[in-house]
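Paired with chain B in one complex and with chain C in the other, chain A is shared by the two complexes that follow.
Our next item is the complex of A and B:
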């Protein structure tokens, strides 16, 4: 499986990367670890004539406590005792991503901006041509939900939900300036599913910021997949809460692997702020999250099973995080 | 093919000066350009670990590594693990425990295991299982591979 020819650039500053991007109207992709982009390029999925590697930009590889550069390799982050000690829920998600070999190259930013996945997309060109191309690559109709407007491919990153329950933010640098936004605001839930983020043309995700409150929360992450040693999530569940005097506050629940974007369920958790989260209430909350999701049939496991597992995994995660508290 | 550019790197302790187009992955550079065919092409998508090499001592998937991006770095392939005619303790343990059948995955396992024992000379069984979780073997079922790495770690025969 060979890569088609492309131009390759290795800028040393974010500004140089922007300039290279702007000078290539035929299109360019930024290249981080390559563990997602290069397999997709080998399968001829949405090729661009230029790759701009971000591996030589020192700013993107910095790590200082609560700020982690987007080009930090996942394998380095999981070996960082300080980071793992501060954010054990994120560390759990980290160790569940792919394999140690993939994590040696894969990056934090790459995982947050992972291409969405689908039966009908992650296939060789021959396979896709035989069936007829799909909306997400080379075609004009979706094979999962037959229509021509929206792509239903699944967001399969593990870190986004784990970071979202800690209220993480992302720093973005674009040709027009820099901005910091909540992590989940990066994802375009209302879009057509092909454009998955609110990144502006040429904009680069430079780092992830964890607020001080993140260290005060108990957090967990669990993942449903077919092969526990390798696969992308069929469902990823992150739960975090601040436990003070036996009461849970700042409760957050986030899911990945189930819809086009990672999603947090503040509309269900905010009304419970400070309420005792006993067994019946945890079951009720897990059932409400389950009722709110609509997986489609585009990954290995059937959507109804995945939806029911949402209830099971959320209930277990809630029990792990808040179940031990001495609720009155 | 895009135009090849000069590329210098260190492979198995020797300086190498070659050329590579932008789209050349390290696996193809090793096998097709330099004749180092001990590194195997399995899935070519990062799933199987057959193409594992050590990049500055760390196990890395050569099928997903662009050759130009490892300019100036140090690569160890299976050919460079032991001196000619000799075996490293991990290789010897694989032989003695029958930890290889068809042999296709073996170079990748040996490089992963070598790096594991350098970083963690006395890994637990669970640490071994986690470390090799990105290397697939379709013959042995892993038991003998795990036993071989355990034996190499303790120096037991």
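Our next item is the complex of A and C:
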């Protein structure tokens, strides 16, 4: 499979990147590590004629305690003893991503903005043409849930749930200025699934910010997949909480790999603020999360199984985070 | 019987011999087909059918041909002669003729100055087709159907081959059996997933010759198919095989892209290189057949096996490939490692509009063996005896004949069982494992070289080896045997060096080139060590005899008094004297110059005289007994294989390093099929033609492996050796499946055992209130 030629730019400032983007009305993609985008380009998935690489912008590669630049390579981050010590839950998610070779190129921002995946979408031009294109690329129907309005491709990043349970924020730099928003507000859960984020045209994710409270929380991440390497998540479960006297406060549960966007379940965890999370309550909470998700059949493992595993994985993660210290 | 005495010791053979081509491979200097470049070389690309089944009414190539840089565009009408690996089932075409038979079938080929131009040309080809009924269910295909995939299907159905065999009195045995078990296994298709993709370079030259360089396991079959389809005598075609990056059976058929590439070379008069994408490789497939089998086993009250009654429905995909052999093997390979005197088999292989299935490592034996070994585990439990004891009770005797007249010579199966039982501490460990942890036994049996050569002239030797040695003392070895990474070049060199007493560095195994390499039938059916090994030994012994005569003259003694020493020839009479190898060589060259020698091997006549009697006959068989430890997460169904103890009878291992590599690789491949690999289809459509969703086992999942080589010398194998390339795979799957059962009480009848399937099985066991190891 060959990569069609494209125009490549390597600006050295965010402003220059914006200018290049604005000057290309035919469309451009920002290029980070390329481990997701370039394979998709080989498959002719939503090709654009221009790529603007962000790899020469020093600001994006900075690491500064609680602020991590979006172009920091995952491999560098997982070897950053300071970062790993502060955020062990995120470190676990990092180590579960793809393979060491992929992580050497892949970036933090790239993982957060990973293209959603579906076995009708992540296929070659030949494969898709022979079946008929889908609405996520070149077509007007969905092969997973036959209809013409919404895409059900699955969000497959590991870091978003792991960061979301720590209340991480992202800084976005657009031609009109900069803004900082909670990480999960980046994702457009109410949208059509094709437009998956609230990024404005030309906007660049510059960094991820972790609040001071993040360091006070116990956190974990676990990932369901067929193989313990290479594979995207069939389910990713992140749980964090602050444990005081055996009681959990600031309890957060977030999932990835199960729906179109990463998702947090504050409506289920907020009422439990400060409550003792004993075995039955953890089981009940896990079952409630399981009941709230709606996976579809577009990844390797069947959706009914993935859904049941939400219950198991969430319960185990809760036990790991709060169980050891919970009131018996 | 007279005791044979201690087996002889050898200088090189039996040790750990690093691959002679290792330094080149690990430094990236070894030459594979895609490393070669020729002046003026064009890029060849293939257009694949987007239709599962369609009649091609017409095709318009004008727009494609007009694109600047496009040199040739071909469709199937130019070279319509069908071919196939088996002389009796020629139903494949290089480029589809009149009909496209699966999504991915080749319908046109283009040669252009570069890849992008070739792709543009493919996109400009316009077909007018009539869609035909799509056949993707072999259960439907056994009956007459509308628009069968091939005219040669039995009675208007899609059945490509049907085998009915009946030995002894199966119904009588079942009627009187104290115990019967039945396993209905379902197996997804799996593919070889070799590292080096398929690639061919072809060049037609003004001297009227065609040179085809290809990643192939069987240069000779490719040579023959090229000649047949292109209508060129074999002596005007030269087939070259450089290094090959894995095959596992997937490069043993002559493949359509190889012929299409050669056709483009003839058409253009320029070299054409055709490198297939991974997706193309999936569509080319020829991998292990999707299969449903139904294995019934009868035993008496003590566990003596009385009968097998076996049925198999084998999905062939669009072509025959090795399918006739597959259809036999899925039954007859039940004939070891146990003695069973009543045997019935009904096997059918059915065409479907899917990528063709063919031969894959442990061809025909893997799925059958799985169902038998799982069935024996059930039987042992039913009778209440240890699974080891059940196997010991039924082991085939050495120098015996099976009910279907297979000739069994050496077997160290009992030694395998004993060794693995001891090494795994089976008796101590098995009762102690808690819920979620299990231990299982699975055994194996495989042919060591098909006795029946796939050849239009079946009486020529299956292997020939030529040696040439000149003044420099280097020994050139020529043979069409195909090293595809398994180490046959190293073995060839080691055998020659062993016999002549010289250092390995003197022996230079030459690249396979049909102009100079004598025919060997290549790397399939685990035949290379046995057949090439015997041929090489004979050639080396003939050369040795010439050198010994020359040495005897120099030493003034009789040839009978000369011994082969290390790099020299020695005599002890009348006193200890010797001549260096080179002196003997130069003396021997005085009359005729460079020395040459030839050796050949043809397996002895064997097998019965009934229809299909040759299928499964082999000059020797390998035997295996594996124990696996596995952990199962009872809530998620996720399996961790903790360790595999692999006791294997390959006779005498000639290169322990290579044998261990083959066993470890086989276990890796077997675990892949058991735990994740699957060609997933929706109807005729392959859903996962890529390595991300085709779940080969990762290194992180690979268990520790303890290899136990316990075979005794085989009487006919070279230096006592038998095969170790395929037999090591088959025991892996049932050993782990039986360990999974021991862990959580769930039988796995459907492969792959993905976590969702196992989790569902555990849930079902609970719903049925069957507790296991005290857990409900």
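Here, the second predicted complex is superposed on the first by the 326 of 328 C-alpha atoms of A that agree within 3 Å, B and C clash if a C-alpha of one lies under 4 Å from a C-alpha of the other, contacts with A are read in each partner's own complex, and residues count from 1 in each chain.
By definition in this document, contacts are C-beta pairs under 8 Å (C-beta built on N, C-alpha and C of every residue); 3 or more make two chains touch, one makes a residue touch a chain.
None of these values were measured; they are calculated from a predicted model.
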Contacts of A:130 with chain B and chain C, given as first, second, both or neither: second
Touched partner set for A:229, first chain B, second chain C, both or neither: both
Which superposed partner A:300 touches (first chain B, second chain C, both, neither): second
First (chain B), second (chain C), both or neither touched by A:242: neither
First, second, both or neither for A:8, with chain B first and chain C second: first
First (chain B), second (chain C), both or neither touched by A:312: second
Which of chain B and chain C A:48 touches, first, second, both or neither: neither
Which superposed partner A:34 touches (first chain B, second chain C, both, neither): first
Interface residues of chain A shared between complexes with chain B and chain C: 1-2, 4-5, 229-230
Touching residues (chain side chain A, partner chain C) in the complex: 1-2, 4-5, 119, 122-124, 126-127, 129-131, 224, 226-232, 300-302, 305, 308-309, 312
Footprint of chain A on chain C - complex, ascending: 48, 50-51, 103, 115-116, 119, 277-279, 635-636, 675-676, 685, 687-690, 692-693, 695, 697-701, 754-756, 759-760
Chain A-touching residues of chain B, taken from the complex the two chains share: 1-2, 21-23, 25, 28, 44-47, 49, 52, 55, 58-61, 64-66, 68-69, 112, 130-131, 133-135
Residue numbers on chain A that touch chain B, as the complex places them: 1-8, 10, 31, 34-35, 38-39, 42, 51, 53, 55, 75, 98-102, 104-105, 229-230
